[in-house]
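A, B, C, D and E are the chain letters, set down in written order, and residue numbers restart from 1 in every chain.
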């Protein structure tokens, strides 16, 4: 063959699809800013002991429902005021980030892991595997979410691990559906057939050929769902099934504080805003991810 | 005018003999009257009965007022009273089912109509508190029950109370209408006569913030279970005020006497000393509770001044060290979600005194499996809980929580002398003697400290200033017979 | 010497019916994509396979490789009955029988580098690994006209023609004897198409390869095949040496196909055969001769029974009821 | 023959992620009434964009930046959106490559046909029922014209209920519904099988002859051009590189690209002889220098070719964009 | 739609309902907490009375027997007696269900009615200020914890502005005869327009709280699918036909763009129905959700079982409706 056949292509050398997508993502300033906010929250969670001004669990009934610093009766040592037991709201928000983010990440990791396994199996093997998994999915979807969560929590008792399980039990259905759909599409593609023609077995095909190609929609969906999980944890708290005291989670803070909302609005409003901000940031960032990594989904 | 009550829970059923909830009774009680009732000071007074005579230790005669009409205009007779009481006390009297309210009637052996206007209740053994328990039962119309059946009674009302049922919007509201032919109610509680307002509506608002909001917005005129922290706001609001009444529910912490730490009375005393009750009452309960040093509320029969366990964390630490725990102990305290706040405040006080306490919030059903074990072995360290005493008689609070292996004895307390004393007091007819026996019992438990006795909170109501003639009552009933709306 | 022999090969696709559908009695629907096909390919030969879209060309190619399990029939490759092979032997056989796909985009995994894609057979069959595999891969890549420096790039960094070269390299790396080329050039532009055709012919000469070359472009087949098979609705209607079939087509379908091909060059008044109607659905193929619904020469017998294949010249076979009449659509009618 | 469409020095650009794409770079062309112009070129050479520009359908991020488009004496670039909309579908109609994607899957064929009549046909009666019947009759007539059997019933069906060839014919029927003066057929047969392709192309030729309209036939396939077009225009990388009467261009191309294209076509006649493909590949349109675009692949390339090459006359009715066209004869 | 397909659907329903019943049974069985204990509470009860009560409630039988009994009765729409209400579970649920459905439907309608136009507009004016505002708004919508937002709404509209009611379904001035249980319908049937308006007023806040996240999601779906559709060849072809912009957008684009919106709406409505107990609690809405949550805590087994089954049926039916809508929008799909 002549050299002419080797004329350079437009793409720069040694550039993976991943990096190209990342570059694309970086172009989206709002998304980058949001990703930074998320990062900030994560750092805050990790470094909580270093940055929290007060012990988050130290109660002081004399400071019960103390307003934020800028309001009459406030104190700059407790910038966002105190809750019903006189604990520093800011410090609890900082520590609460640990729980809320942990729950978000743990649930999504668990759900995505299970979802990928089930979805791959259903989409690749089809047949009865697909039917069985499909029915399980139907059953779970037909089961009202909160009822199941309440039942599960009542069954297992409260506790962080149980909250994660109660939230993950159905969450996996979503990645599962995505993975199954994508797998059904991808398994028909010629490169999968090519791998088979070369003698590759199902394991290789599922893990090496199919999975890498369906990961980006899964990641996109998972990040969006993470936002949802953080909100759902708050709902569980509302029903009295949240984390154990004195641990602070944003959800339990909002839900405990809602009783005071008419007179001491700050107790639930600040953690509520923290949820709002983090969830918003995750959503914006993941929409940016979606735009960059899976243009099919976006405009 | 419509008087609207923002109320926490809907009635489960409108059948006076087939429910177990206080909230249900509160609603029913405005449509059905009982043989007797209680006045604002919890004194039992005749209502449908004109007078009560104790004929013998086990026999009570009730003379029935004449001319009392049911809502449909029929006249009530002694037969209806007998029918009502039989329905409650005879096994299987409700279509094969036994009334869940049978337990409230004690050892009733039979109910007989001895004269056209007299009903006699015969007990199988003396039970001095029968009159105190009777306000919990309401008279139904025999012919009506036979017509609509037991199931029909769940949704239809034909009572003798000041209001008749207009409409029951399940889960939303119970709408009552004034019964114009009302005989007037207990003569001991003036004014007597038909109700003041045209209609009364129990509007169900379970979420307390929403209930308060509804009061402030003028949508409702009375709300129950006003949270203590909302008092200021209700008072600050122009048209509303706060009304309180001493409650009947005692709060306490059970310490597992079968457990590894609390088997030692020193540790139990240390716990009691570590807690600054008054501070919690002031700060969290807004001052709306009476501290207690024994199980009985200050208003209850037989209560008396007891030696106080003062707040003294240093002494608590010393006691702990004496008990062999100089470095303190690590324990958990179970409680229901509703009391999380208070429990946490207590836990942090205990922790300060070396009893490092973690609060575990559990669901009521599970906690009762764990703590109300009727003598079965217990696990866990502490249980922050409460026990109600609607009759204000020690009988239904002291015995269940302190008698060996009784249903509410969460501490696992076993004291044969106390058991004997309680059993004797239950059937003692001499009032003063009985009072003395309970004093003795209180002193006994005061020494053993199986529980940390905390307080009896007041019931707090938010009330529109338009409402007159209404007073909250200690049994947490909302009797709207005399309430008017300006 | 016969390298590949296909006997009575069929591949039917049956739409899955759920239990519920079966209970309700939803009728089964079967696509007879390939129906009782027999053919042989000699070593070193290029057999062209032409036919319209959906007639079953790809299915036949894949059924031969057992990428799709044949419904019935037998494939013998170099004396081995491929259809009877168990999994491990089949895997070994895959080294010798390869395939190149039509779509240079869909046939390369976008998440894997060229080295991984081309080197995959080496890893799967344990031929080589590590540096050795890389060296082999680089060599093959250079052979198909790419640079070794491009080994670590991803498919999207290549043009369509280059991607097709990667696909060819992947098929070549395990040193196969036989390659199914499933329309390897139809997605490419004319100028690129010529590059690839030239490459395939070079490789064939160099490695003594045998091709089953699938295409719907008669010009391409005419240019590079030794023999040709014409397919219609899952069946082979005519086979023969390429010159024979193109110059003297005997089946009316072949004839109309040839006449429909637009040709570059001075316009000559060639006789046109205008077929009526569209390709019948393979779900409900016509009875008898499958072409009879569109055939200008159809007689009642055509609708009743399928025609037998008959020799019509040296190595030239056609399946038509009306071969005897020696009719040809191509005689100028006007 | 009078000129119907005259495009001069048309430039259309796209602001893509990678940079500015000059998809159409100085294209000029003429189409006379009743004539069939073939447009050939490799994928991405700007064939479609050129004629989208003519129809005013270039969408963001694309933009027509320069040039004039005279149709029937009016410069289309000066028209308002509404005026342009009135011309589209009535005077200039277009068919697209893939009929399955070009027909709306959610609407019946009848509705898709009727709406174009509704939008443009001024001869329709105004009364509601009369109008409806008139539209219906016209629709039936159009489907009949493109050879769809039992058109009345077919009007109520959806595109997916038709075969590929029929869909293509339906699209042609829609395009022709208002008897346009110019039909732009963008690769009308690429997605079709040979036998069906022949049917459709003949249909277009037929109708052209009957209605006397001009046709622009965009295609990859020189064979199609050879058989159906009067004149041909060859595009390469956004530019026209050669144009002229079909037999002349195919018989004696005077641009090395055209020549290379013709030599690349495998033919049975060439069996055994090596093909002579054009080496290399189409250049990327981003940031091309202003020089001969075929230079890197051209067997005749010389250093002096590295300049901007204009279209030059190459005989009667023929033009070519090659510095060395004289040497090619 | 053929009868066969309908039958097929019904057959598919069976394993789902069986599975749901089984799970709820196992769940309740494994959950600690004894219904009898909870019921009796602080009251005194003898062991004999307790045994009798257990027998009355049917709790003395083994688990497996109870399960099959439940299934056998459920097939005849008999779900047993509620432990607390002294009446059949079916009656108790039937009284609460219309409120839940009404709220969910209104929330759904509000969500669709705002999400679709907003989504279309955002897509048409892609990258405009409006588009960005709508995007941020929709993200806010899914980021708010519902109960918190609900209470904020009450504070603002009911307490401070006093223009909307705090809680309940309708005022008590008028008496509306119950026909369907749906107040909006019943008031109209009664010809009482004032009551209709009042019922609407009571619906506003809960419907917004419940519908907001869904509005946000649907808006995003509509916008994305609209943009996707606008890129399709058939839109270009419609433009090439010289059709008016309105026709291209609403007739050609929207009809296709609604397809994903419908399927997402179906899924979301399912979670709307099953997840509105929080909104019901905050707004004192007398729906089923609240009752079920209470019943779980009270271990009112028959009620929980029946309600869960009902939710599952509703979910399946909703999907069925979505399927039908799907075929209307997308003729390629055949039911």
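General observations
Note that in this section a residue touches a chain if its C-beta (ideal position, glycine included) is under 8 Å from a C-beta of that chain, and two chains touch if they have at least 3 such contacts.
All of these numbers come straight from a predicted model, not from anything done at the bench.
Think of each touching pair as a link: the shortest run of links from chain B to chain C has 2 of them. Just to note, of A-C and C-E, the chains joined by more C-beta pairs in contact are A-C.
The geometric centre of chain D is 53 Å away from that of chain E, both derived from CA atoms. With centres defined as mean CA coordinates, chain B is found 46 Å away from chain A. Chain C and chain D, compared by their mean Cα positions, are separated by 32 Å.
Shared contact sites, meaning residues of chain C that touch two or more other chains, fall at 18-19, 159, 161-162, 195. Within chain B, residues 209, 213, 216, 363, 365-366 each touch two or more of the remaining chains. Taken residue by residue, chain D touches two or more other chains at 279, 281, whereas all remaining positions touch fewer. For chain E in complex with chain D, the touching residues are 232-234, 236-244, 247, 251-252, 255-256, 329-332.
For chain C in complex with chain E, the residues that touch the partner chain are 18-21, 23-26. Put simply, chain C touches chain A in their complex at residues 16, 18-19, 62, 65, 67, 90-92, 94-95, 98-99, 101-103, 106-112, 120-121, 124-125, 144-147, 152-154, 156-159, 161-162, 165, 167, 170, 174, 195, 199.
The part of chain E that touches chain B in the complex is made up of residues 31-34, 37-45, 49, 52-53, 56, 84-87, 92, 95-96, 99, 151, 154-155, 158-159, 162, 165-169, 172-173, 175, 281-284, 286-287, 290-291, 297-299. Interface residues of chain A facing chain C in the complex, by the touch rule stated above, are 1-2, 5-6, 9, 11, 13-17, 126-127, 131, 189-191, 193-200, 204, 208-209, 212-213.
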